[in-house]
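Read from first to last, the chains carry the letters A, B, C and D; within each, the first residue is number 1.
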Amino acid sequence: MRRQLPLTLCFIAGVFMAVQYFIPHWRVQDVYDRFLTWLQIIFAFAFLLGTVSLVKVHYHKIRNRAADRGFSWVVLAGLGSMIGLGFFAPGHNDPGSPFDMMFQNVQVPIEATMFSLLAFYIASAAFRAFRARTLEATLLLIAACIVMLGRVPIGDLISERIPEATRWILTVPNLAAKRGIMIGVGLGMMATALKIVLGIERAWMGGGD
Amino acid sequence: MSHHIIWTTIGAILTLSIYSFLYKDNPFYKFAEHLVVGISAGYYLVIYTFNFIVPNVARPVFGLELGGEAIRFAGLEWWMALIPGLLGLLLYARFFPKFAWVGRWPLGIYVGGYAGLGLSPVMQARVLQQMEANALPLTSLTNILLVVGLLGTLIYFFFSMRHKGVLGVFARIGIVFLMVGFGASFGYTVMSRISLLIGRVDFLLSDWLHLAGG
Amino acid sequence: MSEFDRLLSVLFSRTGPVAAVALVLVLSLCPCAAIAQEADGPVVSDIIVPIAPPTALHVEDTPSDRGSSITLTWELSSDEETGRVLIYRVYRSADADTGFVQVGRVAVGSSTYRDGGATDGEPAFYRVTASDGEAESAFAAAGPIVSSPQWFNATRANAMVGTIVFVFAIVFFVRAAKGGKELFIRRLAGLDEIDNAVGRATEMGKPILFISGLSGISDVATIAAINILGEVAKKTAEYNTRLIVPNADPIVMAVEQEVVKEAYAKVGRPDAYNEDDVFYLTRSQFAYVAGVNGIMVRQRPATILYMGMFYAESLVLAETGASVGSIQIAGTDAVTQLPFFITSCDYTLIGEELYAASAYLSREPVLLGGLKGQDMFKFVVGVVLLIAVVSATLAALGVTASDPITPLLATG
Amino acid sequence: MSWYDKLLQVDRRWIFLAIGVAVVVPFFVPLGLPVIVTEPVQGLYDAVESIPPNDKPLLLSIDYAPATLPELEPMALAILRHAFRNDVNVIVMTLHPAGYGLAERAVRGVAEEMEQVEGEDYVFMGFTPGVSAPILGLGVAIRNVFPEDAYGTPLDEIPMMEGIRNYDDIPLAITLAGWSAAEAWIYFAREPYGQQVGAGVTAVMATDYYPYLDAGQLQGLLGGMRGAAEYEVLIEREAKGVKGMDSQSVIHLLIIVLIVLGNVAYFAQRSARRKMALEDA
């Protein structure tokens, strides 16, 4: 019972979602719409669960006097201030509210900067790993260099052929490979999904029987 | 506007703190890292609560206002709003060891629901659509390459057969196509990433220091 | 074609009251029009010439829909060429002669409209007119028509056949595998390395970091990652190696806590499981990356596994991992991120290999059977594709009149 | 230690420094390299160009988050400028929870610059949660998804929205997204409703979208800052996209030089080792 019921719920939900795709009738589609909302609501409820986990980890660090516990206070302060401003200060959604200002001026710049680190890492990864060791590695390297040049104005200046070659690489060999991956991945997804729905693969509930 | 300058300066200092990680891990980075983890976790908690739980559960079930119109549903609609709320609450059963097993109900529905969506729609969007697009007449070199490349890539992914003989040849062709594709993807990406760096440098130089003309 | 010719053509090609009115107008103003004709001037525009109406209005219940919808098609007004038509107005009524209410309008050049406001089971009549924004043409009428919802989406019949065949293929081979048939699976280097990686971490006394992607359960890749985590956790539990699993999705965290906890319980070490090691960081993409980077440089894991759905963060993670000297094994179906994992990780599972991983690691016959079924279907895909290519080629070369196969793959 | 060993073991922080210098310098010394327009960008431009003025609106879904702002915001600005220049009405919305402020800033900024009136020339709907649900919902009725605009005005009181019910009244929907929202528009607007869709995505995502472009599921595609730059050239109003191209060029060259150096050193080392092995033998 303890294992059968969740598996049964999983099966019913899965079969419904797979079958509704072929039934346009509003009676079915209305249920589908509603069910999608339910899934989103369950997801929203999980956020508090996640937040509890985050708080617990840092609370334990502080309690155990871990070396970096000062920074755990920073996490809790950041979290606490956003929750406070979001739930208890009015108009958290309004542009210019303290909640929004914290988001726009702390979270946004830090995340954007983290993202931009990629420019540096791409260069170091290319230098470190792009070696013409084998035929495959050489092809990867050459394709990368051509496309890199073909995407910027300087490529046009070096040779008119470069943008042409770029376009060709992107629309012929690249497209064929992408399609192959897409079809393969699609089948992998379907097989995995099917095994979940049928209860063949049950790692998600701790596996076993 | 001094208000604006203060916020921009905070943003700039945090930006530089993150860049300092390129040199090595240091207290400035640690501070920015822990701060953004806390703030973003709080941000998403607030956003999801107000966008999903409040309009779909809190308002219709309890008739609460919560910054909007208080409409309490009745009859079937009331139950339809209550049930997902209860399912959401069941996630917290894990905190009570005796009832922890109940917490798997919402997970079962959630996992099953999305797994079901991974079946038929995927067949259409990922498999059939790509097959249709690649059902090309072999009348040009481009088309021949597309067909051969796709078949080669598909064969490369065969798991239950040894890649030998004709199969091996095709799998090899598949790898060649894959590698050229990956190279292209890499080269293409460089562009995006540098754009982001330009965006940040633009922020530091134009918005903060007013050095380069906006 | 001159204005005058146009009027005549309206007269001769169109029937109905419009033409009659036009005839009267033209005849009564004929001298004037003739002068205008000679002078080639704009005088004609002073005459009230009716706009040519759309014709051949056809209505049908929208096929394969949820109901309440009627699809209208018509032939464009001949005044499209003169630029007089700006919009077509669509009217509906329950009565053939009166009570028409405008339900929609479409721009010049469009000859179809879908009215989603019909009532199922009730006959409706439609009229369509052409208009220049003010004046309106006579109408084209059609009806009665009754809308109804359908129980089957015919445009997705091919997807349904495909899905059914697929399900049968998997179920058949899973059953065959239960019967104990030995199955060959080709080597997947990245997965063979996981055992060594766990051993290495144990020797070094360093943890293993498992990152199950940045997406949620709605991406099947995440489910595949959870399956792999199940296998990895069994091994770390056996070796008593620390396994750190930071999460970006709270539901995935909840599931993974169960997975790891059970794995530890199964090898008889439930106490060794530390819930603080399978935790939630933040949903926010790069805040998560900032946190994980911090974990990498401070914990210096011996091995890092990246499994599931990844976005742009892949290289930031993988390059940081490489800089602290970890062995890195990645697996993703995110085509855009594969090149980065390939460059900076030691082993990478490409696309479908990610989905094969849990079967490969567990060696459970049932799961391996599923893999075999998948391969069989792939074979079918290849054959169907070849047939379609041949059919398309024959049609293109003019050997056959048309290509009968490719349309069967068409998606609605 | 020989030169190639040194080069192969160079501290990666020197590479970081080189990149840093390469991105900053063009800010002060512009190169002004030309930008050539490619087909997918022309496709999107043509699709916008073909919308009749003051009639049915263009739907612009600004689905990007701050992280992809530098690439996607120049696109939003260029498309809005194009639409407003042609007197095409625009509905702006966002599917990203963090996109509200960004979308508002883009549409209000350009509207102010081009003296467009809210409610008559454009309307801002704000954020709606979910991805597939609202995209599907817009095909049924806009008013179900957005009963009112972002500022609480009911759609029925907005002049521009008169007679605009669903995708049937929207000649083109453009999504600007650095995540799977762009794909969602294809799956849930293009596929079920036949809605014409155009997309602006990050340069890295663009390769993934070529299959859709090829299959006719997309009217046009802007990829990254260069896509924005090309669009800026088409509407003859050069802005941040075109400017950023200079830094791009320099860094791309630098990375290629690094790859070449790395390989030269690698092969020098390999041949030296082979020679040594031969001498030993």
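Operating definition for what follows: a contact is a pair of C-beta atoms (placed from the backbone, for glycine too) under 8 Å apart; a residue touches a chain by one contact, two chains touch by 3 or more.
Computed from a prediction, not measured in an experiment: that's the story for all the values here.
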Touching chain A and also chain C, the following chains: B, D
Interface with the most contact pairs, given as the two chains involved: A-B
Intercentroid distance (Cα basis), chain C paired with chain B, Å: 16
Separation of chain C from chain D, taking each centre as the mean of its C-alpha atoms, in whole Å: 20
Length of the line joining the C-alpha centres of chain A and chain B, rounded to whole Å: 3
In chain A, residues with contacts to at least two other chains: 18, 21-22, 37, 40, 42-43, 46-47, 49-51, 54, 68, 93, 103-104, 107-108, 110-112, 114-115, 117-120, 122, 124, 126, 128, 130, 140-141, 144-145, 148, 151-152, 170-171, 174-175, 178-179, 181-185, 187, 189-190, 192-194, 196, 204-205
Junction residues of chain D - those touching two or more other chains: 12, 16, 19, 23, 67-70, 129, 191, 202-204, 207-208, 211, 214, 224, 226, 248, 251-252, 255
Two or more partner chains touched - positions in chain B: 18, 21-22, 30, 32-34, 36-37, 39-41, 43-44, 47, 51-52, 91, 104, 107, 110-111, 114-115, 117-125, 127, 129-134, 147, 150-151, 154, 157, 178, 181-186, 188-194, 196-197, 199-200
Pairwise touch network: line, ring, star, complete, or other: complete
Residue ranges of chain A in contact with chain C within the complex: 18, 21-27, 29, 42-43, 46-47, 49-51, 53-54, 56-57, 60, 68, 107, 110-112, 114-115, 117-118, 121-122, 124-126, 128-130, 140, 144, 178, 181-185, 187-196, 198, 200-201, 203-208
Sites on chain A touched by chain B in the complex: 2, 5-19, 21-22, 34-35, 37-51, 54, 68, 71-72, 74-83, 86-87, 90, 92-93, 99, 101-120, 122, 126, 135-137, 139-148, 150-152, 169-187, 189-190, 192-194, 196-197, 204-205
Touching residues on chain B, where the partner in the complex is chain A: 7-8, 10-12, 14-15, 18-19, 21-22, 30-53, 56-57, 67, 80, 83-85, 87-89, 91-92, 101, 104-127, 130-131, 133-134, 142, 145-154, 156-157, 174-191, 193-194, 196-197, 199-200, 203
Residue numbers on chain A that touch chain D, as the complex places them: 33, 36-37, 40, 93, 95, 100, 103-104, 107-108, 111-112, 115, 119-120, 122-124, 126-128, 130-132, 141, 144-145, 148-149, 151-157, 163, 167, 170-171, 174-175, 178-179, 182
Chain C residues touching chain A - in the complex, by the definition given at the top: 64-68, 149-153, 156, 159-160, 163, 166-167, 170-171, 174, 216, 220-221, 223-224, 226-227, 229-231, 247, 249-251, 253-255, 258-259, 261-263, 266, 275-276, 279-287, 289-290, 298, 312-313, 315-316, 318-320, 322, 333, 335, 339-340, 342-344, 350-352, 354-356, 358, 366-367, 370-371, 373-374, 377-378, 381
